[in-house]
Amino acid sequence: MNSNNLHKKLDSWKKKHSSEISDIKESLFLIKRSPLTTIGLIIILLLVCVAIFAPIIAPYNPLEMHLDNRLSSPSKEHLLGTDELGRDILSRIIYGAGVALKIMLIVLAIDLPLGILLGLIAGYFGGWIDEIIMRMADIFMAFPRLVLAMAIGTALGPSLRNTMIAIALTMWPVYARLARGQTLSIKERTFIEAERALGSSNLKIIIFNILPLCFSTLIVRATLDMGNIIRIAAGMSFLGLGAQPPTPDWGLMISSGRNFLINQWWVPTFPGFAILLTVFAFNLLGDGIRDISDPHLRRGQG
Amino acid sequence: MLKYLMKRLLLFFIVIFGVVTVTFFLSHVIPADPVGAILGENAPQELIEKMERELGLDLPLGQQYSRYLKGIINWDFGISLRTQKMVAEDMRVYFPATLELAIFALIIAIIFGIPIGVISAVKRNQLPDSISRVFSLTGISMPAFWLSLLFILVLYYHLKLIPAGGRLSSGISPPQLVTGLYLIDSLIARDYIIFWDAFHHLIGPGLVLGWIQMAYICRVTRSSMLEVLNEEYIRTARVKGLKEKVVIYRHAFKNALIPVVTMIGISFGYLLEGSVLTETVFGYPGLGRYAVNSFLSLDLNAVIGSVTLIAIAYALSNLIVDLLYAALDPRIKY
Amino acid sequence: MQELLLEVKDLEINFYTYRGVVRALNGVNLRINKGEFFGLVGETGCGKSVTASAILNLVQNPGRIEKGEIIFKGIDILKMSKEEIRKDIRGKEITMIMQYPIAALNPVINNGEQISEALIANIDITKNEAEKRTIELLKEVNIPEPEKIARQYPHQLSGGMAQRVMIAMMLSTKPSLLIADEPTTALDVSIQAQVLNLLKDLVVKYNTTILLITHDLSVVAETCERVGVMYAGDMVEIGELKHIIDNPKHPYTRGLINAIPSEKRTKLQEIKGSVPDLVNPPSGCRFHPRCTFAKSVCKQKKPQMLEVEKNHLVSCYLYDGQK
Amino acid sequence: MFKKNNLILIFTITLLVTLSFTTGVAQEKTLIIGMDTSPIVSLDPAKAYEFEGSWILDNVYDKLVRFKPGSASEIEAGIAESWEFDGNTVTFTIRDSAKFSNGNPVDAEAVAYSLKRVAKLAQAPSWVITQFGITEDSIEAIDNKVKITMDKAYSPTLVLACMTYSVTGTVDPEVTESNVKEDDMGMAYLSESSAGSGPFKLVSWERNQSLVFERNEDYWGPKPELDKIVIVDIPESSSQLLQLKGGSIDLAWNLDNDQIPDIEEEEDLYVVAKPQFKLIYLAMNGQLTPTDNILVRNAIKSAIDNDAIIKAVGGGSTPLHSFVPEGMFAYYDGDEFPYNPDRAKELLKEAGYPDGFETTLTVPDFLSTEGTVVKAYLDQIGIKTNLEVIAYTTLLGKYRKQGLDMVIARWGADYADPDANAKPFAHSRTIGDDATVKQLAWRNAYANPAMTDMVEEAAFIQDREEREKVYIELQKKWQKESVFEPLYQMSIQLGLNKEVGNFILNELTQTPWELITLK
């Protein structure tokens, strides 16, 4: 009885959202068809696995020093060599995956809600609230991101947490603007008018009608930014404004390894490859998703 | 048009005001001791306090802020603690260096980025597209500081193709100051040795920044071209029997250029950003390195000065892009 | 005997999409005579526009011409090289006007230049002459102040004006065949008639053949001499205008006619069911699931074209063996 | 006979040819140095206060006295031929042969002017002389003598050691006075020009590019072999190494310890190394729990393996357990708390922290390796250490407000006397704002009146041996009670091309440029 009811509900839901469902199906198909996107996705999945199972995969403890085995070149024991404190570089890179992913996820976890909130308020209510929020956004966007992140990072003091806050503060305007634009366009649609006529409160309209639509747009944008976040965080660490030693952070590893560039090239080089590969994978995915989500680009791709 | 320009200018000043305010308060909440750092760990307390008084660092924050605003209106950011010179004067030396580097990189980026992007779009999902996408995505994904290190290792150390860093070789003195851009100044002075030397020094950092920017420009060109190639008027052009080259370059490209121009404007901002890291690694005496050093030593006046200048340059480039729009797209009239 | 201009034989086009292969054209046959005003009617998605694209060799990815012939003036276009088609066919022999004229004009090139460009590309003419000729052409399509319009950009034009510019452009090279793909659909009703009449006049003047593609039977009724009706990638009926309007044979054509509001009918009849998904088209006659007369044979084999009267062909088993 | 004549002939011809050759194609002898010049703020002796600046100024300006080449304890005559201490006064006799690089003579007036200028301008390094109570009024030029009156009768070794500092460099009053801007006594002008009598003069300074020096032909001492010295700004140590190997520079100033073995491998390069009067130390807050507990502090002192730290930074440094560095008068090499993790754990237990505790260790960015290693050792005895690596400026800001739990920092002696380090490390009578010397001990909120008395007393002991005894006693006490644990003594290690010779360094980073040779 109950399950029957559920089925019915599910069916009606499916019917109601048939276009969305087929959209998702189509997107998945397109991802599968684009080899580059697939490669990106596979690398990311691998990376996530590496991050989760780091303690199992990593051959050594990433923090363990062996001062008698400093700066040894890649060998059977240490596939990517050791750093200036005799730590195994491969293990540090493996653990670094988790650090990089964590930074990215937390930044997005701050920015998506923040951007949506501000964008919704600005777009839905308009007027002077809109004006204030958007001018704030303009000001924050008037800095090149790294410079602003540097300023905030310096002010808050260098730490991984503050790096994430700094990067998040530089990125919210993008999301706020998107959410605002989306809100504005949705607001004018007839079904919102209808809801309002039926006496729904602003909050209810925002939560049930506007929010879900904003969210999907912002998610697409977020996939485009994922690589960027990791890259900027690495830059901050490189300048000494990010992760603190002995954290196995890739940017920090390059920063402390840069003086060994000539004679112990593996110390700064491998973490750089790790950053490149990760950001590259996220960009492949982001590009793919953007291609798919853009109706103009979708057309003719089939 | 005039009204639009006025509105844009007003916004410009609001943004700059905001930037200065944000930077000021950000940099003054830090419990730092820039004076102590400059005077060294051995400096006695009285001396530090004396210098702080001289610089007005002992005043209440509000008072310091109003002093700053007054100064900035006269383009006076005070004295840099680190270099002991007027910040405005320092920036006059460092900014042209960054400008030269940025322009050089931008030229590289445009020369390569646009054609590759066009080819990529035209040969969509074919081998050239895949190659160019991987190439440009690599550029976008590349940490600038790391690429700079690799360039030094490979191009300088192993291949001896570029100098290790700096703006001129040690024996060569800068040309007569006209624009501050060595390439142009040396040409004005007809000193080709300086020209060649300055050019030689630009290659390394220029290629690093250029490659990264090229990637962005290439990407935007590609997607913009793809969008345009789906437009009806492209079909019309084909129906007319125009050559494919004409269809792509005259009909599609001209339309696709509009977002590309925006990207180039934004690129300029990215270049300033990239120059922070690249200049540091290459030891290129530009504004980016000046900003980093100021940040690290919390040389507050210099921090505010360089950030303000960067923001102005950034905002100006956006303004120019907006005006360029009008020139490119007859549909836009302000 | 009328001279044959274009013959489409057994044209089959598939689109390779994510959902599977869309069988857009299922062996279409079509003959267009010189100087005639031919109408191609059907619902959206029935393959009429694809047919037009195929004639210009502009079928876009992921579409592919699987088999068939398109014989234009005795030569199979499909066997020509891309470059030959571009040089000798498109622009010179066959041109096309589109549904959304403003979108079909390049927004960053002024109107005059877009026309003279077509002239220069196809005719041995200097730039100066081309510009002069452009103004004349604009006059011919009844554009007031042609010099001014030539200097303007497409976004400054109304839809009707833009379509006139398109017509001037596409007729500038005196092509043998002009394909008009829904030329009036996007225009205001008052302008529609003007544009259609203009087309009619110019066909005579330029001695051009027109292939008019539309979903609107009334447009066909006003202008065309012969009509082809398409359904789901099949040509179901071809005949002179009077055959189709007054004596439709195919059940689908009948349905279409019945759906037109007119004085005679008090009740509009809708065709039951919906257009099939061409990834999995119905077997045999693609119309059979919606056909009230469907027999078992209809499900098994695609019916052949039968001449039910002179110049009136139908693809339906109802008439099998009648003649 | 014939044979001999022949030989002479051949010899003469060879000589002539060689001579004409060398004079004809005589190349300027230019030494090119790669250095991160960004620390150099000003080249005015009254203002410059960083190693690089002082290193340069020692060769552009003459001081009253100086250390013998390579030494940091033996004083020799500078611009003053002789000197005489009498209670709280000292009188220097100025040599008469010295000339400024523009030909003006160097006289007692000029010396007195320069010292008064330092006192009046009161810039960063001025305290090196004003600490003796020297003011503008206490400096007098009498004929060819300069008489200086101090507020107390300080130990002559201490006073002379301070007089070797570059701040006492003699500037040309004429040049300085003719370039005064807004009462600055020529400070703006001298910051990028030179008006000295040293072996070299500054020709140009293009910031972030290069500094160029030329020989002062009027120098009173031995004629320098070099014609020119160019210091090129190369901020990155790896770039310096590369350019040294590539031959575009002759000397790399900012090499990392780990780059040294690479230089030693190269056939045409060599290393000049010298321990410096600079040390890296760990300090604990004397007021905050739990480091206010002496047992906890001693546990931490026992927990750290100094040798491991030296290894971690790439070797080349010298172990150090007290505040007087090796090479300085009254050096003491004993260690009350050598590395002993078991003892550390016991001490911790005794202090009431058997399971350790959590704390924050703040280090400046350039000492992050040291911080990482110390953290690892503290973690081992159960002290959970959060490492905080921050910019030096920020660190100093917190440090000066007594706001750090634990810190690793560096300290450099300004003059070669134990007093230079005893004061900051051991002089602190109170931790309140009324303290007279708010130096390292005070910054760590640590007061020890008994040690403070000893520091003050030692500064006035005239007898060298007795003074040494007091300092050694002080150091033992300091090791047992204080909040400091020295980690190591820093060394300077330069990479040079073998064509450069006689490059001498002392513990205060001083090099007589006039002695440098170049093939």
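We call the chains A, B, C and D, going by the order they appear; numbering starts again at 1 in every chain.
One rule holds for everything that comes next: a residue touches a chain if its C-beta (ideal position, glycine included) is under 8 Å from a C-beta of that chain, and two chains touch if they have at least 3 such contacts.
Please read all numbers here as calculations on a predicted model, not as lab measurements.
The chain with its CA mean position farthest from that of subunit D is C.
Relative to the whole-protein C-alpha centroid, the nearest chain centroid is that of B.
If you compare A-B with A-D, the chain pair joined by more contacting C-beta pairs is A-B. Centres computed as Cα averages put subunit C at a distance of 91 Å from subunit D.
For the pair subunit A and subunit B, the distance between mean C-alpha positions equals 25 Å. Distance between chain centres (mean CA atoms), subunit A to subunit D: 48 Å. If you average the Cα atoms of subunit B and of subunit C, the two centres end up 53 Å apart. Shared interface positions of subunit A, defined as residues touching 2 or more other chains, are 154, 157, 240, 258, 261-262, 300-301. Contact of a single residue of subunit C with at least two other chains is seen at no position.
Multi-chain contact residues of subunit B (touching two or more other chains): 30, 152, 157, 280-281, 295-296, 298. In the complex of the two chains, the subunit B residues touching subunit C come out as 231-233, 235-244, 246, 250-251, 254-255, 328-331.
Residue ranges on subunit B touching subunit A, taken from their complex, read 11, 14-16, 18-19, 22-23, 26-27, 29-30, 125, 130, 133-134, 137-138, 140-146, 149-150, 152-153, 157, 219, 223, 226-227, 230, 269-270, 272-273, 276-277, 280-281, 291-292, 295-296, 298, 303, 307, 310-311, 314-315.
Considering their complex, residues 56, 58, 86-87, 89-92, 95-96, 98, 100, 103-110, 117-118, 121-122, 153, 155, 166, 169-170 of subunit C touch subunit B. The residues of subunit D lying in touch with subunit B in their complex are 32, 38, 41-42, 47, 49-50, 122, 124, 126-127, 191, 204, 206-210, 230, 232-236, 238-239, 242-243, 246, 248-249, 365, 391-394, 396-401, 403, 409-412, 414, 424, 437-438, 440. On the side of subunit A, the complex with subunit D involves touching residues 63, 65, 67-68, 70-71, 84-85, 154, 157-159, 240, 244-246, 256, 258-264.
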